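To keep things simple, chains are lettered A, B, C and D as they appear, and every chain counts its residues starting from 1.
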């Protein structure tokens, strides 16, 4: 078989480990050959390919990013997108596709499979918000980076009198905030699933200062206060039309200063959380995802996605990947609350 | 309730995180009080206690080691051991015990519970060789340390002409070698479950050199060659009665030099793998184990051990902990073999 | 002799290493005894002391923060401050003081010494902006943290199309930005010593995108554009009287978006740079500073400060510490510019 | 000008940073062009070249190893070596050479320069044992790796009863052992410059156990006991003619077990210390070395080597590099002894 591989969506440590495992096992165990498509679905849409064999994947296991490039191109938004893809795959003599990506990339894969394309999916989201799998690769790396940041702030918290805020990724689900906040021993964790009460946050802040330590607040970027509770004026636009209080870190800084009179300092991790070498867990998971994805292709089991359940790699229908967002359940957040204040 | 806590067996990153979670939830949610017993079962055996409350556990979450100390004391090996424990617990007005430890510590816990002691167990083994749970804390930390070591050797492997050997922990089970070897991209992984063939190892070594990179071999300390295949003379004793070829790293160094004429250099990680701060995953797992252990105590559900299944913390009978050793199954080792050579 | 020790000013990895070295050598080699003063000059001002001996400094070498606490208290701002200090030192039977701190703390030390107090100084500033010494401890740690952040962003820069901005410490001197920017391979480095031209910054941004990589900009928090060149409106106040465009990262984000139409994302490291365990270099420097400071005290050589010149620890007059700010010289910045764009 | 670049000797983090700086400044500031010679002096000896320009050095700053490869080839050991080099350089139209390497590589450079070759040297030794410069790049990275290892052992030292031994690099000079031992808080540091007394080592071991912590011994691989003091029998050969007690770690393990009856466990870092990404300091130093080396070439100032003095990069005669080994002076070792036991 001749198998195409593509990576779509945002950056995520472990993408290269998947690609390497697919190619290494596909070549050495099954004798298949591979073609890389550049920049997600843009590759098959425009016929932009890159050679992909054992030599091409040498040394990429520990490297972040993706040697295939990525994009958010949606072929269904292009004129005749699906037809163009079929033509380009035929021209390149591709028998099957491995699509590595998140909700959007796999959503396209599911639709193309429904229309007859032989495709196997590998789930990828740094936010860990996919229902069909226990974990996605990249998440453990992001959580470790955020935890290390909180660790560093703790030493400072012992000798300063400022509120320390860490803004982490998570627009719709608070998994990174929850895990890193618990692992780092944060005093408050704010997540999108649970709009927060500024009175309570400030109460935790004061309770923490009473123990002679400065409080550390971990906030997912999508965390929001309960509507109408901000003291600061919302919604003002700057010269470029951006809302003034852009990030939650800044909202917290400003509001806490205003309410408690205490100085607050934010650390905004930003893209840091997506970069660098994957942790051992993420490399292990990504490698195993790759091995099992190429097994599925070899067996002709298309329209599926690999998924982690316990320590087992299973296959689930591609449609599962996009069915529902996996948000933080109440009982897990309650566990974390044990340590607030 | 007044609850005793002890930690037994070898060092393992995450022990302090368990203790902290038990105490924090027990005090703030249930209103229980706590007593620490020093040095595993030696504590209840001799009545050696230490105060244990929220103040005592402040700041210990990220710290390796255990604030309660540890030992391998077996009360069943002492005269009247179990009776002494019962007396000391009564004297200290202890209503229940949380025992954190591996096979030996939990084996004692199971036996004492069978004799009427109200005890809940928390599994701990850096080797991850417990059947009842998907993972134990400490393991992820050890795997990351070993993986980082392999990563560093890779840059050197590009410009040297030596065989690089990394000896990692694992006397009876090769989990650390398997995970770190796969995550680190090792060229050969040797584990106790699968006695190895030196001819094959040397063939992989030569195959790797043929690609102009030096080979990296990861060996669990319990890995052994197939009986009778060593060229070096075995079993000689030194002045202190120790066997001459003590470690597998040394056996590999010597034998590979002898067979291939190539220089070989070993890195022996040793206790490094047990030390330092736990990874985010291990803190998360240890913290959740602690929270669920104190829940079990509060509910009077004794004779159980907390365990991870997928993302869920369950309770299983204490006896499960020691029933059988979880070794690396053949199909997982086969996955790793895809990348050998 | 009975020697007091205090730490003043902002947090800085290595403070504990100094304290430990002073006490260990003072006790074991010279037979002196020690008293800790809490929270910088507030300690001697109010007579707030803490026991300080070998047991008290055990295990603190790798720990960030300071076991003595810190503050910015200036005894010359208090009524009868210097007299109160003299009284409290007499009451505690203190023969000499070791003051560890930055410009402010050592400025007070210099003045008190001029008025007869037997004091030896140890320089501390994470910003490395002290003329009298080649380096100060804490700086190497901060530079490594910032460099690691830039490293992580590089993998992301290969697959994204955003301008990546890292804001590091440095209000008056750009040492951390310069060193981490050079070590991390930044495409532009902005420092307070050199007001920057937004046209040039945007030209570098576009030049970098032309190579298919996203540009990384490292900016010291004190970096400022050449006056009058901002497109965004400056100086607006928010509800709490803070200026709207608070940080340089935000100014860059907003202005680059406005000028180039390209998305920009900021990482703001904040207090992260002051926290956590010191690097080996900082522990080595801090330890040697401590050893040489207690030598000076033992020899009765007061009014001096220890300083690093090459690999040698020298003594310089305390007044040197505060004479002049060490800013980045033009020729060093020019070296860095070699790599811009 | 057309400038050749080569890297010789053992692996050392920072080599790539030098190459990049030489090329980037040489191309963009001076308009020179570059040619890489492969595997140290073997390159010019055999005419083995590789293209070297800005594109070739992209992304190599943080990477260990060397893109040019390395070897210990000595052209003076080859028939007509120096003539062959002159011919090959003429054939490749090379106007000058930048040679990056240690004692051997720079010794050849000095000799070739004496015979008329226009060459500039860049010093490289992970052992930091070169007199002409305060520090060499790679050293800081090795020290940090060793220090981190010691840090990890400390947590274990709190709960175990074993002597912990760390073997670090340094055959002839103990710099890595000294710096990492002091930074890591080792209880004994053993270096080649000072043959050690096993009675004293065992006394420190027992003194440390008396404080309820396990002792940590850091030993340079070249450390040796005072002649004739070993209890173990020396000099026995194994089947391949290697001496039985090969490494100092093993000598210490065996002898301490024999003398004190206490268990001892060794960590042997090996090539780990040469691998991985350079620290910020090493990248900064290597980059500046590269910038100043190409300045010297541009100015036609040959036969010199760049060197660090304080924070300044100077030029010194190439012969300086090999004049004398920089060993640990007595007064520095005495500073470290303050913390023994």
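Everything below uses one rule, namely that contacts are C-beta pairs under 8 Å (C-beta built on N, C-alpha and C of every residue); 3 or more make two chains touch, one makes a residue touch a chain.
Source: prediction; values computed, not measured.
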Need the graph distance between chain B and chain D over the touch network, please. 1
Taking each chain's centre as the mean of its CA atoms, which one is most distant from chain C? B
Go ahead and note the Å separation of the Cα centroids belonging to chain B and chain C. 40
How big is the gap, in whole Å, between where the Cα atoms of chain C centre and where those of chain D centre? 30
Residues of chain B that touch two or more other chains: which are they? 151, 154
Just spell out which pairs of chains touch, all of them. A-B, A-C, B-D, C-D
Interfacial residue positions of chain A with respect to chain C in the complex: 11, 13, 63-66, 69-70, 145, 148-149, 151-156, 158-160, 162, 164, 231-233, 238-240, 242, 244, 246, 249-250, 254, 257-258, 265-272, 274-276
Would you pull the chain B residues touching chain A in the complex into a rising list? 21, 24-25, 28-29, 58-59, 61-62, 134-135, 140, 143-144, 146-147, 151, 154, 179-180, 182-185, 211, 277, 279-281, 283-284, 287-288, 291, 309-311, 335, 338-339
